[in-house]
Structure formats: C-alpha cells, structure tokens
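Two complexes come next, and they have one chain in common, chain A, joined by chain B in the first and chain C in the second.
Then we have the complex of A and B:
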C-alpha cells in the first residue's frame, strides 16, 4: 500500500513512464558496470536522492518500503560472509568468517543495493498500470500482462473481502482461541475460494457485456512533454552509467 | 422504425443447476421510455436483463431487437452490446482496470474505435457522470457511489441507445441516489431508453414511464405506474403501496383533495408542493 500510495502521489506522477523506466534501467546497468563497492554505493545514492528529493517521496516512507529488501540483503551478506562447519573435530558447530572473500561480498551487496534503489525508483514513482502499459509497448506477451492487470485489480477487491470477513468472524468470537482461529481461518480460505470463482464469473459477464473478445484493451494515458522527459531521463541515465564505468 | 425497441416473447430460461429463472416471460420495452422492473429477490430481474444484452440465450422463446429476433452470432452480439449497455449491481464485478479513465475506455476500445474518438467519448462520459476530477484516480480509492458512477460512465462511453441498470440505487445514500436520479434524467432527456431493476417502489412510481412487475420468472403486471402500482393485487404482491399515492388517498378520505384532475401526484416533491399550495389556498378562503 505504501508503494501504491507513493506511486499515485509523487511529484513525477505525470512524467512519462517510459522516461522513468529508462532512468531506472540505466541505474541497473550502472549498478552492474560499477567497478568498486564505493562506485556502486554512489549509484545507489544517486538513485535514492532522485527518488526522495526529485520525486518527493518522504525518506521515512522510502526506508519503510526498502526495509524488507534491505533486511533480506543484510541476511544474504551475512550468510555469504560466514560459513558454518558441522563436522569439526570437537563435535560442535564452528563458524568460519570468509575474510578473504570480503571484497567480493561487499561488491555483490553494494551492486544489489544499487539495483534495489533503481527498481525502487520505478516502483515508487510509477503506478503499476503505467508500468504494465510500458511493458505492453515493449511488446511483452499480452496474456501475461492481462493476467498482471487482473491480479493487480483483484488484489484490492479480495483484500477488502478478507478484511470484511475477518471483521465478521471476529465480531462473533471467531478468533477467540487458537482452535477457533484455525477453524475461522479455514472458513475464510473456503469463503475466499468461492468468492474468487464467483467474481471471475461476474468479471467475465461484465467483459462480455462491454463487447470484449478476450483481450483487455484500454486507452493508454498520455503524458505532457514526453519527448523532453525521455531525453532528460536518458541523458541522466547515460551520465550515471558513464560515471560508474569511469570511476575506479 | 418500430416503437418497440426490445421485446421478449415467451422466454424460458433454466440455469444449469435446474433453477427455473424465467417462465414464459413476455414484455416490451418502448423506445425512449423509462422502465422500472420491480420484484422480489429471485424474481428473475437480473436473468431477464442478461437476456436483453444477449449474455444469456433463452431455452425457448425469443428476444427481439427492433422487431428482429437475435441470432446470437458474434457480429450480431457485437452490434447488440454496443446498443444495449448493461450496468451491473456490484461495481467491483464490473470494473477491470485500476484506473478510472482506463476502465471507461474498455468498452469503446472493444468497439475498435480510434484513439482520438475513444478519448473524446471517455471525456464526455466522465462529464456526464460528474467524475472529471477523479479521472486519473485509482479505482480502489473511490467510494461505492463513485464506483457506480464509473460503471455507468463505462457504459455511456459506448454510446448505447438503451441502458440497463441492475439495482443502481442499492447501497447508495440519499444524496448519492439524488445525484444518480439527476444523471438518469439527463440521459432520458438525451433520448436514451432506460431500464432499471429496483426494490424502491416510491422511486419507480415517481420516475418511471412504465413498470414491469415480476414474480417467479414471470411478468405479472406491465404498464403505466399510476395504473399498475395502484392495483391492490400488485400492492399485495409487492407488500406495499407507493407512499405518495397512499398519503394522497388518505388525505382524500378526510376531505383534503390534492389530486389535480389532469395530473396525478407521483413524486414526494410534488406532494410537498401540493400540500403547500393547498395550505395557501385554504388561508385565502
């Protein structure tokens, strides 16, 4: 929801998704082109600053969105750095820090961080329907994109249904004990399964009523000064890549 | 061109689970009229509506559009569905896209119109339902009433001749119902044929030109609201009488005659105005 909220309310909401996609892609290329952890961190800093200062995403919200991925990255870094030995002579578990591999681990982690910030730039500044529309222009398979579209829309409808069902169950002490909670959870899943089926039928009928032939066709949004935005984004992206390549 | 734009003759329909939804259902919808369909839950209103749009095909009987029976071929269904727009009861079952403007464009895009025309139709539809300010909002951030309006806009953008609304007032507060009534009035003035399923007897009595009363898949009464809804047998079936008609009748019993010879009071607003006029007249005399 935080991502969704940012995507619809940021300063660059009306900037062409193609421009934002282009800059994000350049950020990812720069992350992989970075020759040292320091350069990768610089790329990450550029992407983060662009997202928070440029697009106006509040830094605290940015951190909240990034925190699950950052935790995952930290855990991966630690697991790369430390190796456990279960077969030591004492019979216990011994821990071996891979000190020699530290530069490589730092490089991988910093590159991942830079890539993450590049992706977050796109996710926090562009609503998903715009990203899907961008992918459609890039000739991604229609079926896959239609599925993404329906999943995205249904996600909100079903989350509302889950919320309402849980309230209805809780108001009748459905989650009062562990046993009751398990039973209520089962009821919730069964109810949702039926709802998913019924809603898919209803959506099918609604699509037929509006002359659908199977494919989901929508009008694409138009964005003011698209060419200008794309050229600015491309220039900034190329400069970032150049910096990543040139710096040691 | 025939006055009857849509006609059902002896239509029977049974769902796959064996439920008999329509039994020898016959009715006629006249061009440019406002028709209210009344009946209990399970009376067959929605099933009948799905026949008007060609979504369901009768087991027996015929559905005629402009006097021509539907042949259910792909091309004739395209034509029919561009002429008969359908607004479903639950907006979440109708809205596909996460964005208002995109969702409204779904129907016109399916008609194969060019982008400029689709944009114009979407803008006109947004204007017609008063949702211009919400054009770029995500659908899931809209209120229930706003979602309903987006559903109507989605159908209006296809510029149908007939609009079928399945219980459009359900779940709306009084202010939203009033707004929707104004939208419907504008559509009627523009010449559109409007068919509405409703449980609101007072709304049907005040708004409709024709009413259809259904029970267990059959049409039990069909005609002018001032004639049909004042019949005792119909009132018994529906479990109530239109409140305006009932008040007028009871006032008449105590000697207060509000009813004009030429004009029958149908809307609550008319009743209030007639009462005020009666009081002013009484004061003068």
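Then we have the complex of A and C:
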C-alpha cells in the first residue's frame, strides 16, 4: 500500500503522532471554517505543501494516492449539479443543470478537497500503529483498540493469502469467464473464512502460551522533542484556522 | 458506497456520528460479553475485521459486465452477528479512510450508519424472516446479502439527499436523483453480492461443515447457487 510506504519512510516519521494528529485536525476544522471556495482551496494548498515539501512525500505518489478520491469527488460534484424536474410540461422527468446552485456546489467540493488533504497529511506521515497509540492516549475503548491492532497485523497476512490463491486459481483459468470468476471468488472467500477461524485459534493459543490475561499490550515508541513538535504543530494549526476564519 | 471526506455539512457529520455511537457502544458491550464467555473470540473478531477489509479489496464481477468489490455486510452479519458488525465495520471504515483515502474521518459516522448498522441489521432481519417463513436456505442467504447491499446504498442516498435537498423539489427529488444515479451500478452489484454469498456459503457447507459447527454458525444444508 502506497500510504503505508509513505507513512514509514517520510521525513517526519519520528515526529510525535500527537503533533501530526493535532495539525491534521486543525486542517479539518479550517476546511469547515472556510467561508469561500477560495479560502478552502488555500487550506488545501497549505496542507498539500506541508505534506509534500515538509514531510517529503513525492508529489507523484501523493497524486496517485489522492486520485481515486479526487475522481469520486468529481463524480459527487456532478451528481449535485444535476437537478430533476418531475412536474415538467410533458409529464415526464426532465434533467437540467442546477446553475443557480453552482456557488454552493463549488463550496462543498472545495471544502471536501481541503478536508481530504488534511486526512492525507495524517495518513501519509503517520503509520497506523502510531495512530492507534494516539487513540489509546485519547482513552478509546480497549476492545476497539485490540480489534484495530489485530486487524492491522493480520490484514497483510490475509492479503498475501488472497494474492497467492488468485495466482493459483488464475493459472487454472479460474477467472476465464464471469461464471467461473464468481465460482472462484466464492471458493476464495469460503477458504479465507476458514483461514480467519484457524488463524484466530492459532493466535489465541500463542497468546495463552505467553500468559495472556486478555487485553493486548504493546510497547509504545518514544519521540524526541515531542513537546516542541506539538507546540509547533498547534501554532501552525491555530494559524491555519485563524486564516480560514478571517479571510472572506 | 462511501461518502467522501468533508462532503457532508458539519451538523450532519456530527449528527450521524451521534446516531451511530450508541450502536457501536452496544456492539462493544456484546463483544466484551462474548469475549468473557469465549476468550478465543477476541482474536476471531480482530481477524474478522481484517477479513472484511481484505474483502473490500477483491474485485467482484457484476452482471452488467463492470466490476466492483463485495461489502461483506450480509456475510459478516450471518457469521458474526449484526451487533458485532458495528464496531468491526467502524474499524474497517477507519482503515479504509486512513490506508486507502476511501471514505473519511468526518463522514465516518454517516458511513458507519449505512454500512455497519443498516446493512448488517437488515441482513440479519431478512435472514431470520426468510427462515421463519421456511424459504429455502439459498434464497434466504441471497435475499439477506443482496437486500442488505441495496439498503446500504438506499441509506447513503437518503443521507446525501438529507444533506443536499433539491432547490425546487426538496428531499424527495434529491433522494430520487441520488438513488437513480447510483442504481445503475448498485442494483447489479447487489445481485452479484447475493449470488457470491450463496456460492461462499455453498462452499463452506460442502467442505468445512465441521469448522462451521465449531464457529457456531447454524448451516444445515447445502445451498444451490
């Protein structure tokens, strides 16, 4: 996953996740506080520049990660732009562009873009285990955090199993037709369901063998100059929000 | 079908999060209860979350010739119960937002409501009703999986229509617009997911009946796809 690669190799990998989470949250608040599409675009520009120039994420990789979401945003914008009229003179349904709604649609799309860049800042600079540690500090329920840890640690194992099964099935023409594809996919998911059960049993046995008393506990990373990073991030975030509120 | 980051107005984002929170809390309560009784289920539910995430990365052929991914809401609700699917769905949606930029953090509440609450509860209710009226097992599975998928998309359309009512026709016209636009892809996908879930259950019953019994899934007969 491109996001994971960036999260582990970026320049700000050793910066406190609390600082990065704080700046990302401020970016989202600024997106919603922006009073015009221009201001929201400015917030998006700040967040993108911070991610690419500050954290050193290559712009092309950034674009590759953002492109599915950007396409989805474009489709959502188009669906807002279309208006239906059920009471047309011909008695049918007429479709026409909602020209009067353009400023509102522009605002929604630009806000969404700004918010997306804030999310991408966090996703591309902070590995998921660090985000889970951050949530643990924010007193999220232990059961939910355990689910997250287990999910994160097994999803790559399951992805590999899926990849290998698909290779095996494809080499036997398992995906040659639509009917065969459906049957192969059904077999793959059924096999995976059983693997889920078997792997969870093995994990449980391994945990019991190590005197597990229930909750999963992990050592947390320590980050140098954490207080300094947090104060810089908070200041930058507050400045971004202030700019979004002040600009027309 | 996820609502993307920042797309909903702030009041709607907070409102949907508030609506979803009690379901997630109840789901966590049921999980805690289950884990106390069966400690091995802690690992099972965690791996199940990874399983649901991996399912969303699989390409599923649609009857229109296009392809998309299965949601797994119907299968998950039947295998693990609808209440447990709310926290599992929350974890999966959070991971999709952070790892794939699919969905978002501000729209997490709305997406949880449509995909991890309405979908699984609808699937469980349809499955039980179908069993109560003695429909064949395969039909019950198909109806549960496909209607859960369909209801998820209807809920998302309603959420969008509620946030962006049509200037002239209000909520109803806006709902017809969103539902109409998404129906082109979602109805064939719902049928495909229904068929796929039948094939999955068929394979499970045929080859892994013992494991299913140990997982406490009550499947007693083979399903005809």
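To be clear about the criterion, the second predicted complex is superposed on the first by the 225 of 248 C-alpha atoms of A that agree within 3 Å, B and C clash if a C-alpha of one lies under 4 Å from a C-alpha of the other, contacts with A are read in each partner's own complex, and residues count from 1 in each chain.
Everything that follows uses one rule, which is that contacts are C-beta pairs under 8 Å (C-beta built on N, C-alpha and C of every residue); 3 or more make two chains touch, one makes a residue touch a chain.
Every value quoted in this text rests on a predicted model; they were computed, and no experiment measured them.
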Answer with first, second, both or neither: which of chain B and chain C does A:185 touch in the superposed model?
second
For A:128 in the superposed arrangement: first (chain B), second (chain C), both or neither?
both
For A:108, using the defined touch cut-off, is the partner it touches chain B, chain C, both, or neither? Pick first, second, both or neither.
second
By the touch definition at the top of the document, which applies to A:8: first (chain B), second (chain C), both, or neither?
first
If you tally the residues of chain A touched by each partner, is the higher count for chain B or for chain C?
C
Return first, second, both or neither, reflecting whether A:76 touches chain B, chain C, both chains, or no partner chain.
second
Determine, under the contact definition given at the top, whether A:199 touches first (chain B), second (chain C), both, or neither.
both
Quick check on the superposed pair: does A:120 touch chain B, chain C, both, or neither? Answer first, second, both or neither.
second
Answer with first, second, both or neither: which of chain B and chain C does A:217 touch in the superposed model?
first
Pick one for A:162: touches chain B only (first), chain C only (second), both, or neither.
second
Would you mind listing the overlap between the chain B footprint and the chain C footprint on chain A?
4, 128, 149-150, 152-153, 157, 199, 203, 207
Inside the complex, what are the residues of chain A that reach chain C?
1, 3-4, 28, 31-32, 65-66, 68-69, 72-73, 76, 79-80, 82-86, 98, 100-101, 108, 111-116, 119-120, 122-123, 128, 131, 141, 143-144, 146-155, 157-159, 162, 178, 181-183, 185-194, 196-201, 203-204, 207, 214
Residue set of chain B touching chain A in the complex reads 50, 53, 55, 78, 81-82, 85-86, 88, 90, 92-99, 101-103, 105-111, 115, 118-119, 122, 136-141, 154-155, 158
Spell out the part of chain A that touches chain B in their complex, as residue ranges.
4, 8, 127-129, 149-150, 152-153, 156-157, 160, 199, 202-203, 205-213, 216-219, 221-222
Given the complex with chain A, which residues does chain C contribute to the contact?
4-7, 10, 28, 31-32, 35, 39-40, 42-51, 53-55, 57-58, 60-61, 65, 70, 75, 79, 87-88, 90-92, 94-95, 97-102, 104-106, 164, 166-169, 173, 176-178, 180-181, 192, 195-196, 198-204, 207-208, 211, 214-215, 225
